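The same subunit A turns up in both complexes below, where it pairs with subunit B and then with subunit C.
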Partner chain A sequence: MTDEPIIKIENVSKIFGGTVKAVDNVNLEVNRGEFFALLGPSGCGKTTLLRMLAGFEVPTHGRVVIDGQDMSKVAPNNRPINMVFQSYAVFPHMSVEQNVAYGLKMDRRPAKEIKERVAEALDLVKLGSLGKRMPDEMSGGQRQRVALARALVKRPSVLLLDEPLSALDAKLREAMQLELVRLQKTVGITFVIVTHDQSEALSMANRIAVMNAGTVQQVAPPATLYEVPANRFVADFIGKINLIEGTATAAGEGQVKVTAPAIGEVTLAGKDTGKVSLAVRPEKIFVAESEPTDPKVIAVKGKVGEVAYFGSYSNVFFDIGTETPLQADISNVTTDVDEFTFTAGEEYWVYWRKADTLVLGD
Partner chain B sequence: MSMFKRNPDPMGPLDYSRRFSLRFTVAVTLFFLYAPIIGLIIFSFNDSRRNVVWRGFTTDYYVKLFNNDSLMLAFGNSLTIALFTTLFSTVLGALTAYILWRYRFPGKAVYEGGMALPIVIPEICMGVAMMVFFARIGWPSGMMWPFNLSAITIAHIAFSFPFAAIVIRARLESFNPELAECARDLGASEYRVFRDVVVPHMKPGLIAGALLAFTLSLDDFVITFFTSGPDTVTFPVKIYSMVRFSVTPEVNAASTVLILLTLVVTAFALRMQNRNNMLGSAAH
Partner chain C sequence: MENWKRSGRAFFAAFTPPTFWLVTFFIVPLSLIWLYSFSSKTGVTEITLDWNLGQYARALEPLYLGIFWKSILMASATTAICLVVAFPVAIAIVFSKPTMRMWLLLLVILPFWTNLLIRTYALIAVLRTNGFINNGLEWIVVNADWALSLVGLGDNRIVGPFEPLSLLYNNTAVVFGLVYVSLPFMVLPLYAALDRLDRSYLEASLDLGAGHIRTFFSIVVPLALPGIASGIVITFIPAMGSYLTPDLLGGTDSQMIANVIASQFKQANNWPFGAALSFLLMYATFFALAVRAVLMRKEGRGDAR
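Moving on, here comes the complex of A and B:
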């Protein structure tokens, strides 16, 4: 084991039909043993990037290095990676055992070893007793387990997963998320998962690369991605966020002075100047009857608009004079219903800490 | 109390099958379609030299049929031609279908249209064209059996394989390309992917295509007529020559045998095609 990243994506671009830039000069490194997620809206190039790792697409520019080996001239069948496909691609005319054994047969492993490893892999995905079944006798979740076992049995350096949970129903999807994390810890293989579902990526991955329009916007652990998004796209894509338009000028020592029509003038930590957005998450906003005196907060007067009750919290929209109303997630901390009942038209002071406010350029 | 009883089961606006006009049309269509065939089969058991009046049941003409050496020879020829046609048409059809499904190349649309041409051009034109073609290139005739059947077989392959190709191509449409990619990902070479994943999926299409080619070849008359010589008579051509003397129950019996054979093979092909679709939809 070395500290060398297991996957190095160096200046990789993919241009389809001479004009469509699906992937635009991407640089990424995935560490050994990591659970890495490629997250982005559909059409952002994440699947194309994954297919370039698998070898089904050839980069127009740049190169992919896996386990220290340049993959430029290596065919998909000779790469030290395996993939779980979105449709699972379980061979319909082969039994579960035959499916799982297929990759080992292609490697010409001895029959005895194949038998042992297939049984081991099926146990790993909890399909130990279903080896003789045919795929059409299995549920979607079971078929996915077959696909997982079939890929893992080859002991690849990296396992690629293309939207693995998108075809499952909500309950099964949640169970499978935990299962995948457990599996990854057990086998210690690097997982690279492609998904458009942020909750999937946030809950499973060690690190996430957020992609948009073929470029990587930010690579960070889930908490960093959520709390300190690098730009407006990431802030907007991950979770809910309020964006307040303003202009910023440098104020020295990593600080900027922001002027926003809705809140006046405020000095905040940041480095972007010019047109900026002040970003604050709804759960970091508090409500008071009278004006807060704490100089460490930003406070504005807001009129209650729409209110949505979610049990543990209420999602309240405040009109503070911006184009889109400010949304606040107010925790329902007491059983006293009157305490947290907001009525449209009521005026409150809404405030949040300056430290929780991000200054984001475009 | 109402004077009029309500119809307990009124006809719905889409209950076409209960309308008289529709029932009548269906009945007339079926009658004209099948009455001659059923008549033909019935009269193959007619105990009479001349095939006009029913004179009692007999299977004599079937016995006669199987003792008619020249007819049996024609039958053997037909089966031999059909067998080779099936073999070559299926292989050619499968390869054509695979190429059209798998690859993009310049002139693909032209090729696809050109391939299907034998399906649309009139058989008589194709027959004449084949005859002229073999005469012009001086295709050797009078070879020993079964090589004397080569011209007919080639002509049959030419018009049968597009049908096989179309059936197999339709089957390939339901193939999930991720299966091929997955096999490749698991270490299979391009050839192994074809053998292990694509061909098993094509199988029902291959069988249906083969059976289709077999029936097409077996009962082809027009093209065969133009490409056959005096010593290469096939079953349908032989029946035709028998009819020219007189329509005896023996001709009916021979026709019945041909109908039965075609029917069995076609039914089998349809079942395969059906399973085809069911498997295809189950995979998605």
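Moving on, here comes the complex of A and C:
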């Protein structure tokens, strides 16, 4: 094993019909053995990028290198890659075993080896006893396992998964998330998953590339992505966030002075200047009856608007004079109901730590 | 639909005219012909229904069985050629751009807008001794000879004198004509089946290491089997019963069963025997449909989902 990334996407663009830029000059590296996610809204180019890895689309510009080999001239059937399709694409006219054996037969492996590897792959996805079944006798979740076994049995360098969980119901999806992570650890193969579901990406992947309009916005581990988003798009796309408009001027090493109508003037860590947004996550906001004195926080007066109770926390909207109200997730830490009952119209001090405030340029 | 059953009058109003039409103009004449097939010819125009099986016995004599067999062979050859020709056409249409696809389908359907008789005469103009193909070939031979004469090799020494090919009035001409007429019937069901086929099956096959040819035979053909079966049946049945094409393009030995039936009703004026032959043809057709039904049931799960 080398430290060389297993996938290198170099300056790759894909233009459809001469004008539509589906993927726009993307550079990405996926490390060996990694669980990598391509995350973004629909139409952001993530599926096109995945299909270029599989070879079903040819990059208009740039190149894809897999396992040190330039894939520009390599057909899909000769790539060291296998894919789990969104629709699973389990061949309906073949039994489970025949489906899983298909790829090995194409490689002309000896019959004995095929038999052993198929059984092994089916055990891996816990379908050991269902080899003789036909796909139309199986549930969606089981068919997905067939698709997984069929791809993994070929021992590819990289397994691509295109929205693998989108067709499953909520409960099964959660179980399958854990299952995929377990599977990835067991087989040690690099997984590249495409998803539009941020919770899926956050819970499963080691690293995530957030895409929008054909470009990569940020590549980072889940926690970094959530806590330190690189720009407004990422901040807004991942989780809930409050964005307060303001203007920033440079104020010394790694510091900016931000003036925002809603909160006045404050000096924060950051480097973007000009028109900026102050971003703060709802769960990092606290509420007090009187003005907090701690100089490390930003505090403003807010009037309670809508309140939604979620059991473990309440999602409370405060009018602080900005266009969209400030939302705060207040943990319901006591059993004393009065303690956390917010009534519309009440005034509180809302505050959050300066350190939890991000200054994001456009 | 359920409302129909409840309001009986509306159902009756909508149901009666087509039923009446079918009974009067299809069931009744067909029944009459069926009765003829068990009758005897007792005069120039008199036919007596005496429930004898003599007409069927005669229809199964080697002479007529031979013609039946020949019809089956010609229809099979037509169907096989259609299948081989239509598959690439259907694939090309399915994989073309949506705007292009409409025009290609139109081209496939276009011959239907012209009368079969006119199309068949047009084919004669192409195939006859003095037709387009022979004239074209002659032009090539003559000019090749002229070109060779420039280097002193003329006077038909290399290419030989042109002999027109006999392309018309033989079995090949009949099969050629039948293929030409039947091709849309094969292309359209194949197109429908392939269009329904989820592309990700093909991509999955490629992804698993199969080449395009393996993918075609292991994935496309089995999954398109219902369409293939439909295409075979709706090509085979009309080809089997075709009358005009063998009549106009065929030679003396190219008679198919429909020509024999027609001659029994017309020249021979033997309606009972013609009726018996007709019904034998119909039984054969039903048999073909039954085979298809079995095939479809077996491969029903091959339907793209």
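Criterion: the second predicted complex is superposed on the first by the 362 of 362 C-alpha atoms of A that agree within 3 Å, B and C clash if a C-alpha of one lies under 4 Å from a C-alpha of the other, contacts with A are read in each partner's own complex, and residues count from 1 in each chain.
Everything that follows uses one rule, which is that contacts are C-beta pairs under 8 Å (C-beta built on N, C-alpha and C of every residue); 3 or more make two chains touch, one makes a residue touch a chain.
Note that the structure is predicted; figures quoted are calculated from it, not measured.
Asker: Overlaying on subunit A: subunit B and subunit C, fit or clash?
Answerer: clash
Asker: Output check: A:M134 vs subunit B and subunit C. Expected answer is one of first, second, both, neither. What do you get?
Answerer: second
Asker: Which of the two partners, first being subunit B and second being subunit C, lies in contact with A:A170: first, second, both, or neither?
Answerer: In the superposition, A:A170 touches no partner, neither subunit B nor subunit C.
Asker: Which partner chains sit in contact with A:D107 here, subunit B, subunit C, both or neither? Use first/second/both/neither.
Answerer: Once the two structures are laid over each other on A, A:D107 reaches both partners.
Asker: Taking the two structures together, which residues of subunit A meet both subunit B and subunit C?
Answerer: 54, 56, 75-78, 81-83, 85-87, 89, 91-93, 102-103, 106-107, 136, 147, 150-151, 154.
Asker: Using the touch rule from the top, collect the residues of subunit B that touch subunit A in their complex.
Answerer: Residues 176, 178-179, 181-189, 192, 196-197, 200-201, 279, 282-283.
Asker: Can you name the residues of subunit A that touch subunit C in the complex?
Answerer: 54-56, 75-78, 81-83, 85-87, 89, 91-93, 102-103, 106-107, 134, 136, 147, 150-151, 154
Asker: Over in the complex, which subunit A residues touch subunit B? Could you list them?
Answerer: Listed in rising order, the residues of subunit A that touch subunit B are 54, 56, 75-78, 81-83, 85-87, 89, 91-93, 102-103, 106-107, 136, 147, 150-151, 154.
Asker: Which residues, counting only subunit C, touch subunit A once they are in their complex?
Answerer: 198, 200-201, 203-211, 214, 218-219, 222-223, 299, 301-305
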